Each structure stands twice: as C-alpha cells, then as structure tokens.
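Next come two complexes, and both contain chain A; in the first it sits with chain B, in the second with chain C.
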Partner chain A sequence: MKKYISFFGLRLNMGLQYRVAAAAGIVTQFVWGFMECFVFRAFYETNPAAFPMEFKAMVSYIWLQQAFLAFFATWMMDNDIFDSILSGNIAYELCRPVSIYNMWFAKNAATRISRALLRCMPILIVAFILPEPFKMTLPKNILTFIVFMFTLALGLGVTIAFCMLVYIISFFTVSPQGVRIFFTSLVEFFCGAIVPIPFLPKPLKSIVELLPFAGMQNVPLRIYGGDIYGEELTRAVLLQTVWFVLLVLIGRGLCKIAEKKIVVQGG
Partner chain B sequence: MITMENVCKSYKVAKRNAGMKEACKALFRRETETVKALSDVSFTINDSEMVGYIGPNGAGKSSTIKILSGILTPESGNCLVDGRVPWKNRIEHVKRIGVVFGQRSQLWWDVPVIDSFELLKDIYSIPKNEYINNLEELTGKLKLNELLRTPVRQLSLGQRMRCEIAASLLHSPKILFLDEPTIGLDAVSKLAVRDFIMNLNKEHKTTIILTTHDMQDIEALTRRIILIGKGRVLMDGTIDDMRRLAASNEASDAEKSLDKIVAALYQQLNIL
Partner chain C sequence: MKRGISLYFHYISVIIRSTMQYKMSFLLSIIGQFLISFNVFLGIYFMFIRFNEVKGYTYSEVLLCFSIMLMEFSLAECFARGFDGFSSIVRNGEFDRIMVRPRSPILQVLGSRFELSRIGRMLQAVVMFVYGITASGITWTLSRVITVVFMLIGGTMLFTGIFMIYAALCFFTLEGLEFMNVFTDGAREYGKYPFDVYGKNILRLCTFVVPYTLVQYYPLQYLLGRTESPYYIIYPLGTVFFLAVCYGVWRYGLRHYKSNGS
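This part shows the complex of A and B:
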C-alpha cells in the first residue's frame, strides 16, 4: 500500500507545480459559471413553478461544479496513460512489482485532486461574496456538510473507476480516441454536467438516476444544496457505493485480461 | 539460472496495399499476416554469466527480453528464471530483476532524479540501509552527484542513461537485462557505461544479458554471444566462434572489423 501512497504523493506534488494552467482554468470556470447562472436565472424567471430545483440549490450546484470541475470532468483524462499504452512505455511499468490498476488509480486521483486544490478556493471564496441571487450559500447544517464531503470523495472514486475502464479498453484498440470520445460525450450528458439530472424529463430521469454516472457529481452537488435528503439520500449513497465497487471490480478483471494479451511493439 | 526451452511468439500484422481503394476494402475485410518473432528459441544462462544477445533489427531480441522480464506471454515453450515462470506471477518475478530499455525512460520526467529514486525505494520496498548503501555506491560509480537534483527532462541522453541504469539497480537485483543501453551515447558515456557494467558483473556477480548493435560493446564486455535471426538461435559461442563462422566462407577477413564480420555473417545466414 505504501508504494501507491508514495506514488500518489509524488504525482500530487507534480500537479501542484502547474500554476499558469490553474490560473487559466480559474478564469474559464468563472466565465462558464456566470454564464450558467444567467441561463438558469432566465429559465427560473420565465416560470418558477416549472423549475425542478430551488434556485439557491441550483446556484450552489453551479459553483461547486466549477470549483470541483477537475474532480468530475471525465474528458480530463490522463494523456500520459494513453501515451504509455501507445508508445509502449508501459513496458517499464510492467517491469515493476506494482499492480497497473492501483498505480493508475493513484495517478488519476493525484492529478484530479491537485488540480482541484489549486482551483477550488478562489472560485468558492468569490462565489460566497457575490451579490444575491448568485451568491453561494452554506449547507443547512453540519451533518449535510459531512455527508457532502463523504459523497464528494465517493463521487471522485466513481469517476476515476469509470475512466479506468476507458484506459483499459484502449489496450485492445489501435487508437484510444474513438473509445474516449464516445464515452466522454455519453457521460457528460448522463452525469448532469450539461444540465442537472432533475431537469431531464421524468421517465428518462428515473432511469438516469440509477446509472453509475449519477453517482459522480450529481449526488454530492445536490446533497449540498439540500436537493437530495432523507430516504432519497440513503438510496443515492448506497447506489454510489455499489457502483464504485462494481466499476473497480470490472476494471481489475479487464486489466488482468489486458495484461495477459498485451503486445509491446517496437524497440 | 535462466532457461528458455522451445519458446515461440508471433504477432499479427495488418497488411494492405497502397491506395484509397485498398483502404476502403480494409474497412470491411482486414488481412492479417502472422509474423513469427520467436520460433523455437532455447538457451541456458548460468548465474553471474554475462551474455551478449545480438541479431539484426527485428530478429526477436527485444521480444526475448520482454518474455524474460514477464511483460509478454509466449504461445508455447517453457521459460524459467531462477525457478520462476516470468509471466505467471509477474509481480513476484520483477522484484528480483532489473531492466533497462535504452530507447525508453523509466524516470519520472518532471521531477528531480532523486524523487524518482525515492519512489522506486517504496515501489520495491527496499530496506532503508540497503537503499542508502546502493544509492551511495551507484552515485559514486556512475558519477551522479551533480545530477540527482536535476529534473529528468533537463538531463542529456548520456546523463539520463546513467541515471536509468542506477534506477534499475537500486533494489540489488541478481539478474539485469540491458536492451541497447549504449544506443545514442557519445564515446565518453559509452565507455563509462561499459566499465560500470563490467564491474557490476565482477563485483556483484550479477547475471547480465545485453542486447546491442554495437559490436564494441560485445567485444569489451561479453565472452559468450548468442546470435539470433528471424526468431531462431543461430549461434551460441564466443567472438572467435563468430569470426570462424564468418571466415568459413570468405578467405581474407582475419583483419576485418567486427562490424564487417557481423554484417557478412547476417548476409551469409540470410537473416536480414
């Protein structure tokens, strides 16, 4: 276990040195966040009764989404990993006494966490001092906040476990681009990154809420604003956990198969 | 001890003719050809031996190294390295071997060399004392003092290769695979690397398998040479055996350079 933690630490330190990228990211996320706020404000003002969330919860959802974009954006995949598969540098990773799955999982977690650490604070601070109605609010009580933190971590786990499947599938294809684009566009829609899941039509919504993608940003961000609570909260957390375990198991199984039939070409 | 018995490995290669029409056809029916990278390779290498493994490009040298280091699984044949089947239990196997691929890098690009070493210490669970001793010895012998605090991306190739070799020896492996370790190096670095390999074999009795296209490497380092071509072992002997084999066809090559002898040999054996 220690080896994976050290590797995580090294990657985390590495991630924290990219300051210009973080500054650029923060600016983009502010612009994007404001744009979303205005769009949803316009919807809300047209017909508040048809708006499926409280507007306050919606604002928190948007700002948290921007602050923790690096946690949940499935399109932010680790190009190093695709490169190592394409170029055959994976040979070296296979020469070490480590599990490829754990190593890549640690690497992804480190990249995402370091990116979010650099970006979340400025965004959250500004979001808290904005004028109404775009001001972000605190959660109802401390318990909600604790559950939010827990599901945030679990959501990160589900996102990484899902991305791991995409990495592993690219062992079996010549180029990872196709698989990558297919899966990321699918996920972007179903995880609530484009519009939150409550905005989807009823029949679709009840299906989407059962998919693993709902366990990514949807659960923590809605818990924070108080949109998911009580019995629904228990169910959501349970579903998140089940998907996390399931995705990890599938990923590990696939990884075993991939390692056996791997072909390292060239050199 | 390393034994390979009748090891075979083949790759599928997609083939098509040039042109748009052919490319469209390939969308529906892909023609693949099976290329035999290794057919029936057998040899035995004893502990603390140093062996040069040579052959033209595409002969199967790297495939052999990859099988021995547990990366590739062969289709048939047996292979034992110190009693272990490399691909059966990869993680247990690679703990005890060291590998250097001259054309790739195992150091983490954006951080100082010493960070990579510290991480390898945890990855191989190297005891603290052993790590400190090894690091000290390797730093001295490979002259890494100035390099350890530099990020890898700012090292020259020769500097990087010295660090790569050190990285693969931190866990004191008994067996070391070197796949073209001197590729692209200048004369000074080449000699430094050669000296180091020589001493490693003498002092630590490390078993070393070395693949290279540089015949001077072979001449300086190895007494035993295994020559492979088109996936088959064609010769297993000394440099003199190789000279004799090449001389059997032509009369006047006693004075020829090793490179010429090898080139003649490749042509003669029809393995290019």
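This part shows the complex of A and C:
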C-alpha cells in the first residue's frame, strides 16, 4: 500500500507544477461555462415548464462540471501509459514488484486530483460572486454537502476504473488511438456531458441512469443542486458503489489476462 | 503556383500512404471522429424533443444552422488544420528548414500535417449538411442557393484565418495557446445555435471581435426568409477582410521570427 501512496504523492506533486497550463485551461473553461449557461437560459426562457430541473440547480451543475472537469473527462487519459505500451517500455514496469493495475490507478487519481485542485478554486470562487441568474448557490444543508463530497470521490473512482479498462484493452490492440476515441465519444453522451441526463426523454433516461456512466458526474453534481434526494439518492449512491466495485474487479481480471498474454512491442 | 499546388498534393499523398499502414486504427479513428460530432447532433436532437423551439428557432432551422457551420469548419479544417502542429515546427527548429526551401512557407506548413481521421468529421458534416438542407423545408431559390455557397466560402475563409492567427502567435510564444481553442472548436461547438440565442452581448462579440455572425446569423436570416434585404447574401464574403488581417499578422510574425531549437 505504501508504495502506491508514494506513486500517488509523486504524481500529485508533479501535476501541481503545471500552473500556467492550468491558468490557460481556466480561461477556456470559463468561456465554456458561460456559453453553457447562456444556452440553457435560452431554453429556460423559451419554455420554463419543460425544464426538468430548477434553473439554480442547472447553473450549479454547469459550474461544478467546469470546476471538476479533470475529475470526469474521460478523454483526459494518461498518454505515458499508451506510449509505454506502444514503445515496449511497459516491460520495465512489468519487472517491478508492483501491481500494474494499482500503480496506474494511483497515478491516474493523482493526475486528475492535481489538475482539479489547480483549477476548481478560481472557477468556483468566481461562480459564487457572479450576478444573479448565473450565480452558483450553496447546497441546501450540510448533509447534502457531505453526501456530495462522498459521491464526488466515488464518481472519480468510477471514471478512473473505466479509463483503466481502456488502457488494458490497448494491450490487445496495440495502437490506442481508435479504441480511445471510440470509447470516450460513447461515454461523453451517456455520462451527461453533452446533455444532462434529466433532459433525456423518459424511457431513455431510466436506462441511462442504470449504466455505470451515470455514476461519473451525473450523481454528485445533481446531488449538490438538490436534484437527487430522498429515496432516489440512496439508490443512486448504492448503484454508483456497485458499479465502482464491478469496474475495478473487471479491470483487475482483464489485467491478469493481459499480463499473461502480453507481447512486448519495440526493440 | 501550379507547381506549388502539385507539391501540396504530393505532401498529402505521402501522409495518406503513411497513415494507411495502420489500417485498423485508421478505421476506428474515423468512426470515433464521426461519433464525436454525432454527439453534438444528439445534443440538439434531445433538447428539441423536450423544448420544440428555442428563441423562435425550430428544430429544422437550428439543424440547418448547425449543419452549415459544421461544413464550413470541416472544409477549413481539411485544408488549414496543418497550422495546428505549428508550435512544434517552430520549437524544434523545423521551421528553419522550411524557410530555406524555395516554396511558400504556408504551403509547406499546410502540407506538413493532414489528418485523415478528419474524414470522419467531414463525412459527418456532409451527412448533416444533406439532412439539414432537405429537412429545412425551405424553398430553394437561386438566391438562397448562392447564399449557402457564399456561407461555405466565407466560413472556410474565416476558420482558415483563425487557424493562421493561431500559428502566427506561435512565432512569439513558441507554444500553442490553449485558449485559442475557444475560437475554433468552441465556435464550432456553440455555432450550432444561431448566435442571438446566447443573448445580445454574445451576438455583438461574435460580430465585432471575430465575425462569426457574417457566416452564420446574418445569412441565416435571409435563408429563413426573415429578411428580404439582398445585402445579407454577400455578408459572408466580408470575411475576406478578416482573412487579410490574419494574413497580415502571419506576415508580421514571419518577419519577426527568430530561429529556435537545435
């Protein structure tokens, strides 16, 4: 366990060095956030009755989405891992007395957390002092906030566990490009990054909510705004936990198979 | 000029042959690119199932807007995305080699990169374009057809200009600036809705800072029959001035280029 924590620490420290890159990213995310707010305002003003959640909750959803982009963006994958598989450097990693799965998981968690740490604060602070319709609001009570934090962490876990599957699949396909772009574009839609899940039509919505992708950003961000509560909340958190465990188990299993059959590339 | 163009196509054919060495990856990337822009369409589709209209625009009108904008972007991307990799060309000193060759630097930069996977987006753009045009329910008079053609030409010039500025800035910063994505990918993404949907301020920004509305909002008003003024037909061609400014910035950067790398 200790070695994975130190992998985590090293990566975290490394990630925190890229401050200028983070500043540039923040600018982009503000533009994105504002444009999203404007789009949803336009729809809200056109027909408030058809809007499936409170507008305030929607605004919080958008700003949290931008602030914690690094947590949930499946397209932000670790290129080093793909490179090491492609170039054959993976052989060195395999020689080490560590589990590949745990090591990559720790590194990924560190990269995502460091990116989010650098970016979330400025975005959230500004979002809280914006003028009225676009102002982010506090959650209803402290309990909601605690549950939000818990599911945020769990959501990060689900996202990483899913990305791990893509890394491991690229053991089999060698060139990661295709697999990666294919899976990420699929997830983009099902996790609610394109259109938040409540906006989908009823039958589709109830199916999508059962998929693991709903446990990424959908659950924590909607809990924050008070869109998921009561019985639905318990169910959502339970489902999220189950998917997290399942994805990790599948990932570990696949990793074992991959390690046995591995062909080291390069020379 | 003629030799320049044949050289450009030679560059492209070299890149195509090298990409085709990884056939499976090539195929999946095309599918992926297709899906990514398909997601944007799904976004519009599901929003309109719920809302039917936004700020007075119906589904088919927004679809027309989205498909034309996507087509404009894809055309520009097809020719001018080579500027995207320009930061690394400057940084590793490759640009010195380009400078000493007796051909236009722009031509060589454009020929340096040609991503075939963009065919996925182009394919998507063509499908959407055909769908958008047929589903729009517009009676296609000659003047409207000309408007669409002008929009495509104007939009291609506009996005080419933005790609060029992006590259020109690399002369000074040596690094690609991430926030420039707002003007390319961001504009493509949010250009799916007519810019007045976002409110007055955005409409102004998109007219006077970067003239997106010239190839989107204004000619669209003419296409949808909301104005009869014939000026709206030629508005898209106004982007030629924008392209000229961008070219000026590029020339300025080129003159101030200091060699870099080893």
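By definition in this document, the second predicted complex is superposed on the first by the 266 of 267 C-alpha atoms of A that agree within 3 Å, B and C clash if a C-alpha of one lies under 4 Å from a C-alpha of the other, contacts with A are read in each partner's own complex, and residues count from 1 in each chain.
Just so we're on the same page, a residue touches a chain if its C-beta (ideal position, glycine included) is under 8 Å from a C-beta of that chain, and two chains touch if they have at least 3 such contacts.
Please read these numbers as outputs of a predicted model, since none were measured by experiment.
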{"item": "First (chain B), second (chain C), both or neither touched by A:F199", "value": "second"}
{"item": "First (chain B), second (chain C), both or neither touched by A:A91", "value": "first"}
{"item": "Partner chain in contact with A:L238 - chain B first, chain C second, else both or neither", "value": "neither"}
{"item": "Which of chain B and chain C A:I257 touches, first, second, both or neither", "value": "neither"}
{"item": "Contacts of A:N13 with chain B and chain C, given as first, second, both or neither", "value": "first"}
{"item": "Which superposed partner A:L210 touches (first chain B, second chain C, both, neither)", "value": "neither"}
{"item": "Greater residue coverage of chain A in the superposed arrangement, chain B or chain C", "value": "C"}
{"item": "Chain C residues touching chain A - in the complex, by the definition given at the top", "value": "22, 24-29, 31-33, 35-36, 38-40, 42-43, 46-47, 49-55, 117, 177-179, 181-182, 186, 190, 193, 197-199, 202"}
{"item": "Interfacial residue positions of chain B with respect to chain A in the complex", "value": "11, 62, 66, 69-73, 87, 90-92, 94-95, 97, 99, 101, 103-106, 108, 110-111, 115, 118-120, 122-125, 179-180"}
{"item": "Residues of chain A touching chain B in the complex", "value": "2-3, 6-7, 10, 13-14, 17, 87-89, 91-92, 94-99, 259-267"}
{"item": "Residue numbers on chain A that touch chain C, as the complex places them", "value": "21, 24-25, 27-28, 31-32, 35, 38-39, 41-43, 45-47, 50, 52, 173, 175, 177-182, 184-186, 188-189, 194-195, 199-201"}
